[in-house]
Amino acid sequence: MKLTASAKLVYNFTGPTEVIGLIQASHSGDQTILSEELILSPDAALVEDEDVRGDRRFRTCLSTETSIVYTATVDNGMRSLLPRSGRQHLWNELPPEALAYLLPSRFCPSDSFQRFAQREFGSAGDGVSRVMSILEWIAAEVDYVAGVSTPESSAAHTFTVRAGVCRDFTHLGITFCRALSIPARAVSAYSLDVQPPDFHAVMEVYLENAWWLVDPTRLAPIEGIIRIAHGRDAADTAFLTTDKACTVVSQTVQVSRVDTAS
Amino acid sequence: MKLTASAKLVYNFTGPTEVIGLIQASHSGDQTILSEELILSPDAALVEDEDVRGDRRFRTCLSTETSIVYTATVDNGMRSLLPRSGRQHLWNELPPEALAYLLPSRFCPSDSFQRFAQREFGSAGDGVSRVMSILEWIAAEVDYVAGVSTPESSAAHTFTVRAGVCRDFTHLGITFCRALSIPARAVSAYSLDVQPPDFHAVMEVYLENAWWLVDPTRLAPIEGIIRIAHGRDAADTAFLTTDKACTVVSQTVQVSRVDTAS
Amino acid sequence: MKLTASAKLVYNFTGPTEVIGLIQASHSGDQTILSEELILSPDAALVEDEDVRGDRRFRTCLSTETSIVYTATVDNGMRSLLPRSGRQHLWNELPPEALAYLLPSRFCPSDSFQRFAQREFGSAGDGVSRVMSILEWIAAEVDYVAGVSTPESSAAHTFTVRAGVCRDFTHLGITFCRALSIPARAVSAYSLDVQPPDFHAVMEVYLENAWWLVDPTRLAPIEGIIRIAHGRDAADTAFLTTDKACTVVSQTVQVSRVDTAS
Amino acid sequence: MKLTASAKLVYNFTGPTEVIGLIQASHSGDQTILSEELILSPDAALVEDEDVRGDRRFRTCLSTETSIVYTATVDNGMRSLLPRSGRQHLWNELPPEALAYLLPSRFCPSDSFQRFAQREFGSAGDGVSRVMSILEWIAAEVDYVAGVSTPESSAAHTFTVRAGVCRDFTHLGITFCRALSIPARAVSAYSLDVQPPDFHAVMEVYLENAWWLVDPTRLAPIEGIIRIAHGRDAADTAFLTTDKACTVVSQTVQVSRVDTAS
């Protein structure tokens, strides 16, 4: 599927503020960037890096009201969907870079959930069945409601209050997977069908020698997702991380399908 | 300084248990391993990997009472101590691999501590001064007491109860540094002068283009430390991570100075 | 001082909702209600009770959009201010009804703060000095900021993030007092000088054989306060407690001084 | 059933320590104390009070190693068991003193559990059915394991880790009941069949115009329970509350049935 995405972030920075931006589509193997543009107004010097998976981060220092506009057209036709079945790996079969995604992180305290996860999902057949039963459980037991969680809320909070937004759903899914010894990580994304339009948070699981994207909110089709960045949880993939408080002037995100017939 | 360290871990595993072990001295640039030996009884197949910094991890599957014995003689004479002064970097000056250590993690929720850290330590002169004032604060305000914290305790708990053990002191130090935008990470270690003898937890800060080891407990001289592994916090550097509960039969750690005159 | 207070709460209840209301000025000994009126539209049957201290609670069941309007004129001239000095009681000197206010509660986990409170405030001279040093500390270390806390936030959260609103300031003050063995409780109030106008949360401490009102936010003069209800913390003194979610249509609170010259 | 209970607490107090003791059988209407004895060695002056329900508290100040020994023979034959059916009250039908037990407390944050409780237990028929389904759920989903929780653990922790001891089971039961608007409170007790013998924690629910004892651990028969004290949660009913740390020298609790034939 070909998709076009744009984000326009207007923020007010009062005094020099260190900024890390993660809003560019990833150069990952499962999508091709056909065109893109990143414009800061006023302009600012950027330090850019790209990790081994193709995620791109820019760093800068901003000190006044700034507009950050990113637009891209992306073909994600190479993305494979989670197969119907697939086995979970023993730890000694995993590639070393997957091991960190077995461990608890800021918003995914999987160390506290081993009894629950084992009891609730442990008996599902193979790895894919476990992940599917986790996604079923979340869809059945957690309400999608804004305003219940905060940026400090962890999966333990979501597990108790049984409500949250995409970020919370993703943290809960990651937490359960890790508690079952399935590597799981957070992925930030542009996505079709998110209402109101905004950045989206989904997750990836490692099964059958590969990472697979899944969306615990079931809001978006996997084919409608443009990957931005991956990490342990939302702390790693925030679209904007700053070293001091700043204020949002406006923020709009848009994603649409590119009509391939024309 | 030349040091010899040994750990003897006897654990009872009931049923096949996935295990990650982080008990070998690191092949990092600041220490040289003169000799070492790792013996599991009964023997078990190990998958071993080494990261870019030289930390070594073994993975295996154990299913009965097992003794894991590691001994090493290490020369850590190449380790530099935190200088008297040194500047904190702007984010865009940092090497990309340091950026993750600016972010909150499972036991170091630095996102919640920005106001406190800025108010308490923000006015100290340069980066080294800030780190020194953090270490002073911890020494003055937190009591070294066993039994107050659990393996689930985060730095927020230690900050409230004002007591804990080496792991808690380290998490608090890391949390404050990150809240001030100083990259900080956890380091597991063998160390002289820890009473009762056990694995030790210290931390590293990134200032003046380098990582520097510091010990928030002030129990051990930096020269008495043999580095094992580094990571975001104790979740990454646990000497043994398992996918299910196991029981400790016995555990002893010993570190001593090697008399170089003989 | 003579004060007039009014609250107009318009809420939408969808389906029968159990409601406890705590919005009427207390019949406590430190204030006299000169006139008052409570009107629900549409009207509803109320069950009313009054506790031994004069706090008044109404219970009802509401199932549609309802306006609750309360107005009162109150003379609080009998209220004594915290004296300059005064001793803290030994536990066996306290009246039995004060003992519950030594214990931790939902938002005031004083059991976790004994080390901190003892270290920070324990050396102040007498009981009043300890309370004064607590109030000084809060004024110096905590910022009054809306949006940082939620209705689920406890004093441990406020202690970490160092920001909050009147309810959070009060919970922190109560927590520190209890951690020092000074009975402390929450008081809901109408108050002059709260911006934006709203219900106010203050606290009381038991010293020298009496309860004394203090305001950790320092927003309002004690003479400008009309007491509504007291309890262990905000859970006990919520102006409206309901058994299911309802939505605020509008809410206004007004307090003004009655010109006694006219 | 006639029961005899004894507790021998030997504690070391270093320096004058304020103490509240709740270890005497209650003078409540559901049990008769046939004989009893409370001995402190060395002796100390006690201030004693009794609340309206018959719970008895002593206060004293201890400053050296002290043995507190209590023995009692109690007939609890007047205790009624939770009936097979019974309705939950509307809030405006409850006696005022029951209202506090609808609200969250230190270890029972019922405000965070409304969605879960409503979804999981809300559809059970009457009040008794709801309580029975809560007790079934706890028995099925939570493991009785020592060492997982601490004295600071709340029901939210137990809900996540799915393990704990009697106190945790009780806090979880109370939390769920309150989240469903059923008044619920903690009761400390001597009890038959607790292994290892210790004080026991159970709970009471208010249905059909009365309080009913239930035991979420299912360890003890209700007929084997001697009631000590009731309160919002374990903070209110601790057998010993002190204003500073003290150390346990030894602690033994024994409960046995009195053979009425002899």
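For clarity, chains are labelled A, B, C and D in written order, and residue numbers in each chain start from 1.
Simple rule for what comes next: contacts are C-beta pairs under 8 Å (C-beta built on N, C-alpha and C of every residue); 3 or more make two chains touch, one makes a residue touch a chain.
Nothing here was measured: the structure is a model prediction, and the numbers come from that model.
At the interface between chain A and chain B, over half of the residue numbers involved are used by both copies, so each side presents largely the same positions. The angle of the rotation superposing chain A on chain D, based on CA atoms and rounded to the nearest 5, is 180 degrees. Chain D has its Cα centroid 45 Å from the Cα centroid of chain A.
Centroid to centroid, with C-alpha atoms defining each point, chain A and chain C lie 42 Å apart. The mean-CA centres of chain C and chain D are about 29 angstrom from one another, to the nearest whole unit.
Across the assembly, chain B contributes residues 112 that each touch 2 or more other chains.
Of all residues in chain D, those touching chain C in their complex are 18-20, 45, 47, 49, 51, 57, 59-61, 90-92, 96, 99-100, 102-106, 108-109, 111-112, 114, 151-152, 181, 232, 235-236, 241, 243-244.
For chain B in complex with chain C, the residues that touch the partner chain are 112-113, 115-116, 119, 141, 143, 156-157, 159-163.
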